[in-house]
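Chain nomenclature is as follows: A, B, C, D and E, assigned in order of appearance, with residue numbering initiated at 1 for each chain independently.
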Amino acid sequence: MGRGKRYRTGRWAAALSIALMGFSASGLARSLTLNAVQTFGTIDPAKMTDYTQYLAVVNLYDDLVYASPSGKIIPHLASSWTVGDGGKAYTFKIRPGIRFHDGMPLTAADVVYSMRRLLAIDQGPAFLWQGVLKPSGVTQVGSNQVRFTLIHPYSPFLATLPLLFVLNEKQLVKHQKSGPYGKWGDYGQSWLLNHDAGSGPYTLRTFVDGSQVTFQRFAGYWMGWPKGAFNTVNVIFTNNDSTVLSLARTGRLQLTSQFQAPETYKTLASFPNWKVVKAPSNTIFYLKLNTQKPPTDSRRVRWAIAYAIHYATIQHSLYPGAAPRGLLAPPGSAFSNPNIPELHQDLAKAKAELAKSRYAGKKLHITLTYVAGTAFEQQVALLLQSDLAKIGIQVSIVPAPWNRITQLATSKSQTPNASEVFFGPTYPSPNSVFYTQYDSNAPHTWASMAWLHDPQVNRLIVQAQDASGFAQQKAIYDKLQAILFRLMPDVPLVVQTYEYGMLKSIHGYTYNPIQSFDMNFHNLYWAP
Amino acid sequence: MAEALLELEGLRVEFRGPRGISRVLDGVSLRVAAGERVAVVGETGCGKSLTVLAILGLLPQGARFRGRLRLLGREVPAAEWGRSKRPLPGVAMVFQQPMSSLNPVFTVGDQLRAVARTLPHLRALPAPRLRARLLEVLSAVQLADGDRILRSYPFQLSGGMRQRILIALALLKEPKLLIADEPGTALDVTLQAEILGLLDHLVRTQQLALLHITHNLGVARATTDRVYVMYAGSVVEEAAAEQLFSSPLHPYTAGLMRSVPRLDGSGFGEGIDGTLPSYLEVDLGCRFRQRCTFRDSRCEEKPELSSPSPERRVACHHWELVRAAAALEERV
Amino acid sequence: MTAVPTPRGARRTGEHPGWYRFRKNRPALIGLGLVLLIGLATLLAPWIAPYPHQIGPFVNFSAANQPPSWAHLMGTDTAGRDVLTRVLFGYRTSFLLMLVVLGIGVPLGVLLGLAAGYFGGWTEAILMRLTDVFLALPPLAVVLAVTSALAPSLGTAMLALAALWWTWYARLVHGLVRSIKKEDFILAARRSGASTGHILFREILPNIISTIAVKITLDAGFVILLGAGLSFLGLGARPPTPDLGTMVADGANYLPEMWWEAIFPGFAILVLILGFNLLGDGLRDYFDVEVL
Amino acid sequence: MSSPSDLVLSAEGLQQSFAVARSVAGRTKGWLRVLRGVSLELARGEIFGLAGESGSGKSTLGRILAGIDRPLGGRLLLGGRDVFGDRLENSLLFKRTVQMVFQDPSSSLNPRRTTGQTLEVPLQVLRLARGQRSARVAELLDLVELDPRYALQYPSTLSGGQKQRVALARALALNPQVLILDEPTSALDVSVQAKIIKLLLRLRSQLGLSYVLISHDLSLMRNVADRTSVMYLGRIVEAGPTPRIFQGPQHPYTQMLLAAVPTLTPDEEALKPAKVQPVGEIPSPSRIPSGCSFHPRCPFAMPVCSDQAPPAVPKGEGQFAECHLGVPAGRA
Amino acid sequence: MTYLSYIANKLGLALLTLFGLSLIIFLISHVIPGDPARLELGPLATQAQVLNLRRELGLNLPLPVQYGNYLWGLLHGNFGISLVTQHNVWHDIATRLPATLELVLAATLLILVIGVPLGALAARYQNSWIDGLFRLLSIGGVVTPSFFAGILLQIVFGYFLNVLPVSGEVALGVPYSGHPTGMPVLDGLLRGNWPLFLNALRHLILPAVSLALADLGQVARITRASMIDVSRKEYVRAQRSYGLSDASMTFKYMLKPSFIPSLTLLGLAFASLLGNAFLVELVFSWPGIASYAAKAILQKDINAVMGVVLVFGVFFVVTNFLVDILAGYVNPRLRLGTQAEG
């Protein structure tokens, strides 16, 4: 069947089906439907861990400070702040006149409550402040100020604060049930399973188990609203590209997730009223190599792997994006070391490295995991398998669900030789990249699947945390990057480019370096 | 001879199977006069049941048949019997297995009414009158407590009651000819005797003709006026009951009668050697000859039905010899 | 005077009547043909597949997603591999699954079923309750649970399926044995002094073997079907080993544009199952046995 | 009565019941009382006839006599030993003394085993060498008048009569003294039945066997059995030498049975009791009538019959009947 | 045996089966070497946090104690907390079950309404072209993997013809509250909300057909086979000879006795219906319990897995219990109790 004919029938039938379903064109204009590839596990700011959870929270709540597209920390609920006591005391002034969704005013007490709650529940982003901040260090100063007194100076602290969202204390106290937190009961956790207690741009309208979620515009939002803002936003769940295409084609979807297959974006771009918006991110797609497990415990084997990979295929066809330089993205970032080169395939060098390694002449076999069901990760795995076969390394591919990978990552012996993993800074500071991934004192998570244990690296990371001033930090990070490049614990494969398919009439998309903060619906508006 | 109610002429039935064509009925002719009681006897596999199935239009799929059927002097077209699955007017069947001939998941009343609704004279009756009619039929087959029986499922009734219901189902039609295939064979002798008595009573009081299929010579003798003996797909002998049982003319009939143990303790004969020939083999001679003590070269040619006396027929080249041998035996 | 009778049914020259009956059953013949053809193609895959070298660690992204052509009769997949080649080798995975599952499940089930049916008592009670419980579990769900519990691989899936499968045979054989052990010939054999082993394996087993054979043939298709479902859910063979269910799952992402990537492997599964089903139905008619 | 040395098998007061309904908890709520105290004695070389309708318990009795089922009460004695009490029913000794021939030869032969294989099973028990076994198989086939070639045939290629001969050969393989024959010919045509009966009679004199012949066919019984017992609802209600039973039946049930027998000649007709007409059906063994269990069907029933079970009344020459009619006044 | 004791008997067996079921499910779920605590806390949590939570969840107790706790919880309607959604599993299941139920019921309806008469018709016209066509269709249904059937239907009706929706339960533009039954088709009907009803119905068609196909073919085949079997029975020959019409023979007097084996099969088919629901729900993004379960299994959400498989098992056992009762009703011998025959 020819393409033209198919689309003709398609259009005719679409018109019919819309008529049958009683869709009104005007109803579509002010509501937005997008797809997500996983459901909302939780919408509690003290528990959020993944991109959908961040997406919900950033729309339902406001954070103390916000990050600009370049990663600069800018005022939000806090109108200004001061740092004192040798970098240990941070005092924030809360903007007046902000109201929660239930109409109550947002005060400094709510901020104190929110941070203490977060630390007490000790899940989600709480790890950021472990060993840095105790609940007792969170105090109200005067009527409209909050002070955080750190255990020791910690330069990335400000950069971590966009992850502190403010909850409505009175509302939660009203709805709290008994629990392990004394007078705070369960800190309102059970109520927050399907309610919100925020001041953010959107309120929760329907939340059926995280699988049917509708957000409703909060008319009294303190930042006001642009013309053409969306009244309701529906999030539907599918990771099936053909479903996404079908929904888009029939006008039932206006915005896609950033996780569609390259083929899907190509097809979407060919639709007359659709566009594909791209934004380079600071997230890198790595091949993480377990430096504690043979044979990837050999630096030369790791380099052999790094030389064997055909990066161009990945960066141009499998997962289009920029070539990374070293381990800190994006290349244009202020802290990036300009002397570190891009990696290219060089089989001769790869074989040479292998020959010099202590495993020379042996039959090498490594395991490789990737997130099951992710089409391009599978293709990358196949590519790696075929590339490494060329230098005599046999690869067995083990697709695993993401949760399985995170679990394997907590044990040195269970972590596979190689894992395909995305990592982006959780907060806009190089510390987020280096400490989380390469400091052997950091909690062992999927981010640190390299299991790097290098005293020099550890030392430099701490030095940078304590350092004050850009130049000093920059010098330390340059050195760190050079060392890490030589050690090659992770092979950076490609810098992720966010890609969203959306209707041409949707505007206002703004990149943000933190998780899914770019999906703050407040930025989006409709303009035909 | 009385007016012929049913006339079957030259019925041939064939099946095509993996090893070739088997001709299971080879020119069977039967005649039943009004009010007459006729038996067809023969052993397993002789084709007596198939003959009845053909008349009733119940031949199995894959059967091919040829022959003429006249009912009440009217020629029945081939499309209306054999495999037509449509019942012939005026003919009703009493089935032989009281345990399996009633639908197990419907009540007796249900099944009687289903049949009544197919009959022109009952179809239009209003429910209460139909019910009265059903009770009447049940009492005709000597079933008291008709109300309870109408409400009962077959498994709730005894074998004798079920056999009576099968007769009632046939009687509903108010037939002229009742065809009974081994009635009571599955029952005990005392019950069988009762059922045969009932049939006899019905035939006499309602002026029915009866075509009785049985393998039991004694039953045939007790209930009928005239008997056809079948062997290997053909009628080999036909006679009035008394004549047949006092002097059989076909060696098969004679051998069969000698095989039956007698109540007087006079012992019994040798039986008949051998087995039924295969229907697959094309045989131009007498089909009984391999088992026959009288066989000679003439038997290589198929014997036609000959008439030693009016109303009597036998298909044997040696019937006179058989009669003489029997007479000799009698004298000894 | 008694002539020695010719035994009836002595072998005649010409066709065996059993084969004649089977031959008349055209669907069964088609089924047999399909199974033999696919089995042969699977065995000969390294020689008849157009690109056998693409089975190992091979990618060619420049040739990815090509529609069917003379060079690639079923097109190529997202990694540029020939779909026809992968389908042919994918059948190996299906056959392996079937052989392992039935190879373990059937003998086990038959033995337990024989024991339960013949001895009755506690053996029977426990075994039959157990099969009831197993029957209440959707096999797909259980296998999914077990495999993801142990290791999401084909091997675990096979073992889990085999661990479920014996129950069906135990149940079937149990029923058959229960009815057959009441037959007079079993009684007669016992009265003539036959041992239990003799009765189980010489008297009973030959009488139920045809039913078991029919069940196996029908099950072969069913096991492959379930296996395809499992690999569709992501519990298939590890890449790059070709697996038909996985191919459908991967290809389904690119519907309808790159239809060949899901449709051909899907039909490949379908045709093989069809073959086993037609054959099984034919055998069922042929042996005239009842199998659910 | 036979002298003790002639006695091969005897039974005393055999009782058998089967549970019919169970409650959820597995408790039995109803019983079928199939045998209610049956005693008999079988002498060497004797044919002991057991007559009765279905449901009378005669087959159950046969299975107990053959050691297949254990009775709930009573004893089976073999050479002075209590078979079930001493757990002898599965011993080689018992199997070499008593064997059984079943009613339906089609189901008593394994369709998947050849005649030879079937016959070899008992021979293996005797630990005969392979060569001896095949010789013995040929011998057994010869004994039942079958060609040795049949050893290679499967049952499906045999006729009913041939199958029953094979079953008989199997029963004879262990050289037993007693055969329990459960309706051995009722699945066969009369012409074949005669041959089988002749064979059985020949074997008895040739091998000195004793038979327990179970049959519902009184005409057969009359011609074969030395002694005849008539069973009704689990009891022997009349027994005696065969000629006496048939010429002077004392029990109304025996008379009713005789009256129901279909016959071929007027001579036989004359032997049937004229006073008793067959009526009613045998009740279920789960609801056995009180007193004399036959009283609901008995044309001579008296008030006492529904109250008291009648004693066995001797009628001379070893004949007795359980009936109040024959009880001298004052004893009831 | 009376009908009542027949039912009681079946009920006893069903309860016994359920007990065994709970044991097996528990054992399977506890050989899972995954760590639910890690899962709950998210990928960046520390080991200390994980150990704490393990203690809280009782995962460090001996297995028999854990089973006891589990059974005790079940009896109190407590299936535990889903580690992924943080809800009580029972709540998760209850909100998703209606969608699956809707799908399964629709499939069952299709099987009954199409499969049984189709089988009857095929038996009636045995060996004719109708029969041939039927056999082709039913074997096609049996041999097509349900997920593949779903994909094919999506392509044909969703993409090429574009006449039916290919994912979800109701379109987004259609307001739906999930009340009172949680099944939009039924709710639309009950409330007279025709746009909702029509919309949900259109969404239901493709998944229900994909799900029904296999068992529809199977039930049709069994019905055909048992009809043919019944047609050879003496009583059918008898009833035919009385002149009962073809239609009443086919659809009444033969169908009812042959319905009993089909009914039993239908009960058994429930296991495969529920199993195939896994695949079909994934293909059609159906918001039901099976896709929840598939996800839970992959994420080693122990409580959720146990809950779902148990609910499926209970579902199956209850259905078969009902089937048994229905079979008892259809079969008067079971309903009225057998009389002891001699």
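Just so it is clear, a contact is a pair of C-beta atoms (placed from the backbone, for glycine too) under 8 Å apart; a residue touches a chain by one contact, two chains touch by 3 or more.
Since the model is a prediction, treat every value here as computed from it, not as a measurement.
Looking at subunit A and subunit C, the chains that touch each of them are E. The fewest steps needed to get from subunit B to subunit E, moving only between touching chains, is 1. Centre-to-centre separation of subunit C and subunit E, using mean CA positions: 24 Å. For the pair subunit C and subunit D, the distance between C-alpha centroids works out to 50 Å. Mean C-alpha position of subunit B lies 50 Å from that of subunit C.
Distance between chain centres (mean CA atoms), subunit D to subunit E: 54 Å. Residues of subunit E in contact with at least two other chains: 34, 154, 159-160, 298, 300, 339. For subunit B, the set of residues that touch two or more other chains comprises 273, 275. In subunit A, 240, 242, 372, 401, 404 are the positions where the chain touches two or more neighbouring chains simultaneously. Residues of subunit D that touch subunit C in their complex: 66-68, 92, 95, 99-100, 102-104, 107-113, 118, 121-122, 124-125, 145, 147, 149-150, 153, 156-159, 167, 170-171, 173-174. For subunit B in complex with subunit D, the residues that touch the partner chain are 43-44, 158-160, 188-194, 197, 215-219, 221-222, 245, 255-273, 275.
Residues 53-54, 159-161, 189-195, 197-198, 216-220, 222-224, 242-243, 246, 256-265, 267-268, 271-272, 278-282 of subunit D are the ones that touch subunit B when the two sit in their complex. By the touch criterion given at the top, residues 56-58, 61, 85-87, 92-93, 95, 97, 100-107, 111, 114-115, 118-119, 153, 155-156, 166, 169, 173 of subunit B touch subunit E in their complex.
Looking at the complex, you find that subunit C touches subunit E at residues 27, 129-130, 132-142, 144-146, 148-150, 152, 221, 225, 228-229, 232-234, 245, 248-249, 252, 255-256, 259, 262-263, 266, 269-270, 273-274, 277-278, 281, 292.
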